[in-house]
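Shared between the two complexes below is chain A, which has chain B as its partner in the first and chain C in the second.
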Partner chain A sequence: MADDLLAIHDLRTYFYTEDGLVKAVDGVSFKIKKGEVLGVVGESGCGKSITAMSILKLIDPPGKIISGDVIFEGINLIELKEDDIRKIRGASISVIFQEPMTSLNPVFTIGDQIGEAIMLHQDLDKVNARKKAIEMLKTVGIPRADEVVDEYPHELSGGMRQRAMIAMAISCNPKLLIADEPTTALDVTIQAQILELMRNLKNDLGSSVMLITHDLGVVAEMADYVIVMYAGKIVEEAEVVELFKNAKHPYTIGLLQSKPVIMRDEDRLNSIPGQVPNPLHMPSGCYFHPRCSHAMDICRESQPELKEVCEGHKAACWLYEGVI
Partner chain B sequence: MGEVLLKVNNLKKYFSITAGVFQHTVGYVRAVDGVSFEINKGETLGLVGESGCGKTTLGRTIIRLQDRTSGEVYFKDKDVFKLKREELRKLRPKMQIIFQDPYSSLNPRMTVGEIVGEALLEHNMAKRNELQDRVVKALEMCGLSSYHIRRYPHEFSGGQRQRIGIARALILDPDFIVADEPVSALDVSIQAQIVNLLMDLQQSYGFTYLFISHDLSVVKHISHRVGVMYLGSMVEMADKKELYENPLHPYTKALLSAVPIPDPTLKRERIILEGDIPSPANPPSGCKFHTRCPFVMKKCSEEIPEYKDAGSGHFVACHLL
Partner chain C sequence: MEAKSIEDVRELATEDIMSPWKLAWRRLKKNKLAMLGLYILAIMVLLSVVGPLVSPYTMEQMDLSNIQSPPSLAHPMGTDEVGRDVMTRLFYAGRISLSVGLFAVVISVVIGSVLGGIAGYYGGFIDSLIMRIVDIFMSFPFLPLLITIAAVMSDWKVPPQYRMFVVMILIGILSWPGLARIVRGQILSLREQEFMQAAEALGIRDRRKIFRHLLPNTYASIIVSATLDLGSAILTESSLSFLGLGVTPPTPSWGQMVQVARDLYTLQMQPWLWIPPGICIFLTVMAINLFGDGLRDALDPRLKR
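The block that comes next holds the complex of A and B.
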């Protein structure tokens, strides 16, 4: 479709570990429209980050993208050579990683790092790249931007580092921003600042955002469309209002009910029993069946496919087999 | 009003900042800077605030895991810092702590049975022959089983390790438990399991909790009363319902408005605070919040606002009131 910026089809990324095969991402397909915020939710280990890293071919051995297409503006990124994909990374697609310290280089100043990204992808000399870096730091609300530009990552607080990361990520006006848990390590007041910043990016530049988080509150606030992952697969997807109002998959329902809500009074939280499966020993059938209170015989035997359960709303669950 | 179990009076805990080869003290981090409050028996007092504001330090100091700089802590009317050795030894098991990180807080070389039973032996609270039974009972209370006794921490998931940490605390039959971010490192579905467990245990055994978290939704769910800290000071404390429905301090209002709500149809006014938290080594003058407060007045940078009761036990420190 013309308004799709990114289309991923049947992506599989496996890790060949000493202990066995880990199917981190196992047949994932989704699209991101222009100017859309896609929320990706799921508990830790369900494959969110590996999906994001696969898009940019940032998977190192023993990991391997074993199949799938990642079509970005008509080009299949999976087929690109390292040199060509590097031109896309940090320019048309940029990433904010979960832990800002790991993606900022400790031995270079903030200004050098942002400036380098700018010089690499835009036709600016050193002096102008530095000017642009200061401008970007101001855009993300960093106080004393003209001083901070010469400071090193360790001299900044967690919130400022995360904002510097964002400054770097948006300095080349990316068409797609992949944000992997951009606020998880931050306090709520700083989180609110960062989310506001991402909202502006979308509104002012029309960028698309892939927002990975385990916080359903953040998703409700930011996303247009949501996919829910469990054990390497998408188990449910829908537009944000539909998903929160009309969740179908028992896992999504469980997630929504286990989170206390500040504006509600609940006597007892509905927890999901058990824990996510060991990736080396996946259950048979539906991966969620050992934790699901609706599990039936068929759930233990055979894996449900992700299918439309009502208009524009998909779920992978035997409960909805044959409803459409 | 119930019976007061713990009373904290103008408690201060400063850490010295040292520099140079001779480690001269060049300043102090005022981690806890004159805090007063009470906790009633059987109550859960929630404690919220941004990272570095002193929550952990406060929790550790009131159970005397570290010394204070000044102030008093009364546990059942006894000044915890004036106790003699023998008295303190007797009191220790009554005040327990559950840690944030279920990964690093358990000794990887000990079996679960040894970890949970260790403190009982240390405090001479069980004979060797009854140890096993006591450990099994504690594990079962936390949703684990005798099958787990001979296993090592690395064989457990985060949620299970947190259950082991809880079993280790409650086997000593404590009165008071400091739960320091006990669910922060866990996934949402597991958080709910642990929160439910803590609430069930309180119902059955009447535990009193100080529940520390930066997650305002979880704190609201589990607490009876809630205190809000900023840069080492308590800025507001009230009954849960009152605090969440009628926050008085500008910082509390900003915190509450910043919590994302899992309801995409809801549109709220949001107070976006400017800037970062100042350093507790060099806090702003007057009201410590004045550098970020949307309502700041001239007086705020000059005078420290008094922490006082604004009516029916709703304490707040702000010049607006």
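The block that comes next holds the complex of A and C.
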């Protein structure tokens, strides 16, 4: 389709650990349209980050991308050689990580780190890369940009560091920005500012965004389309309004109900009873059945497939088998 | 500007945070022994560099009418068996001993950090290979090898000024494994840090990741280890030269100057020939160790933040 920027088909990324096989991403398919914000939600450990890293083939052993296609602008990234995909990393697809405290190298100045990507992908020399870095710092709303450019990460606050990370990520005008829990490590006021910044930048640049979070509040604010992941699989997907109004999968419903109003930084997702299954010993049938209050016999025996349950809304749950 | 909030207040508060190096220097300055070491070392370097320039004698200048004379005004440390000024030779010897030590350490740092960096970054087979080489070097009988090489050099009549370089290179080549281990260990944990994942997501090449992103994070331990290695390199050079296996006459080094004490008569009757170089070796190595220990404490990551 002409307006799909990225199409992932049946992606599987497994980890061959000493204790056994971990199917971190197990047959995930989705698309991101041009200019769209895709929200990816799920409890910690459900495979969100590994899905994102698989797009850029940033999986280190014992992990391995077993199968799947990642079609980005008509090219299958999975088939690219290391040298070729390196040209895409940080250029047409860039990543913002969760921890602004640790995702900047402590021995480099902010300017050097931003300049690194610029020099690499835009063929600018040091002087011009520095100019561009200052410009980017201004774009992301960092005051005193021409001083901050020469400062080290430890001299900046968490919020400022995350802004610097964003400056680095957008410095080469990426077509797809992957933001892996970009605000999770920040306090609430700063969170709101960073989200605001990302929304503005996205509109200015016209980039698509893959926004990974376990915070449904963030998804509601930012996303156009949402996929919900559980234990390496997509269990539900729909447009954001539809999903919030009309959630189908018991897991999604659980997530929505456990969204607290006041204590924003509590471990809210744990309020679904039970725990995320041990990736080495997945339950039979529907992976969610030990925690599901609607579980039926069939749920323990065989796995439901992701199917359309009403128009533009898919879920993987036996409750909706045969509704369409 | 939407950033005019808590952020700005925080910015002000963090403004006077110091860089890690400044912080370390501040801690170091408080350590009296380390500073004593630094001063002694500075004096030794100064004497070796400036001494020969201001001395009225040259290194080889002989005064056969005035041999083996005890300290006097004209020769504050006396003269040797061919009438050369001991103090002037001591300055020159300092140049040799210090630079042999320094170059040996430079060689060992270059080999050690490159190999350690590669081993730590790639892990797996490459790591095992490099670390087995390290094991071999560490269990290698150092002295017999040097004795053999010294014998071969004498056999081939290698001129003294070249033997000095051979000694440098040998000490360097034999002392990199310790540093390689330290660097490897640090890189191993550093490469798992999120900032390396971020570097990878920018499309940076391996070589740049190792040498620009990872190694600079280990500079503190490289510097500490190199400083302490400098002490042992100087000591090794002295021992070798004392045994006649290192720097050979007429080139002086501190160890080589002490060699005269092997003669019982000199040992007893002409202490001005061997006590000064002996003290120089002792003071320098001790100063380096005091400073190195202080540096280690000052840069200790466990004390940081």
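Everything that follows uses one rule, which is that the second predicted complex is superposed on the first by the 311 of 324 C-alpha atoms of A that agree within 3 Å, B and C clash if a C-alpha of one lies under 4 Å from a C-alpha of the other, contacts with A are read in each partner's own complex, and residues count from 1 in each chain.
What we mean here is this: contacts are C-beta pairs under 8 Å (C-beta built on N, C-alpha and C of every residue); 3 or more make two chains touch, one makes a residue touch a chain.
Remember, predicted model here, so these are calculated numbers, not experimental data.
**Student:** Considering only touches as defined above, state whether A:Q193 meets chain B (first), chain C (second), both or neither.
**Tutor:** both
**Student:** Classify the contacts of A:Q275 with the two partner chains as first (chain B alone), second (chain C alone), both, or neither.
**Tutor:** first
**Student:** Tell me the contact category for A:R86 with respect to chain B and chain C: first, second, both or neither.
**Tutor:** Once the two structures are laid over each other on A, A:R86 reaches chain C alone.
**Student:** State whether A:V209 touches chain B only (first), chain C only (second), both chains, or neither.
**Tutor:** A:V209 sits against neither chain B nor chain C.
**Student:** Give one of first, second, both or neither to describe whether A:S157 is in contact with chain B, with chain C, with both, or with none.
**Tutor:** both
**Student:** Pick one for A:S103: touches chain B only (first), chain C only (second), both, or neither.
**Tutor:** The answer is second: A:S103 touches chain C but not chain B.
**Student:** In the overlay, answer first, second, both or neither for which of chain B and chain C A:L58 touches.
**Tutor:** Only chain C is touched by A:L58; chain B is not.
**Student:** With the two complexes superposed on chain A, say which partner A:A231 touches: chain B (first), chain C (second), both, or neither.
**Tutor:** Neither partner.
**Student:** Using the superposition described at the top, list the residues of chain A that contact chain B and also contact chain C.
**Tutor:** Residues 141, 143, 157, 159-160, 189-190, 193, 196 of chain A touch both chain B and chain C.
**Student:** Would you mind writing out the residues of chain C in touch with chain A in their complex?
**Tutor:** 1-3, 5-8, 10-11, 14-15, 17, 19-20, 193-195, 197-205, 213, 216-217, 219, 305
**Student:** Which chain A residues qualify as touching chain B in the complex?
**Tutor:** 43-44, 141, 143, 157-160, 187-193, 195-196, 214-221, 223, 240-241, 244-245, 254-263, 266, 268-273, 275-276
**Student:** Taking the complex as given, what residues does chain A use to touch chain C?
**Tutor:** 56, 58, 85-91, 94-95, 97-99, 102-108, 116-117, 120-121, 141-144, 152, 154-157, 159-160, 165, 168, 189-190, 193, 196
**Student:** In their shared complex, at which residues does chain B touch chain A?
**Tutor:** 50-51, 157, 159-160, 187-193, 195-196, 199, 214, 216-218, 220-221, 244, 254-266, 270, 272-277
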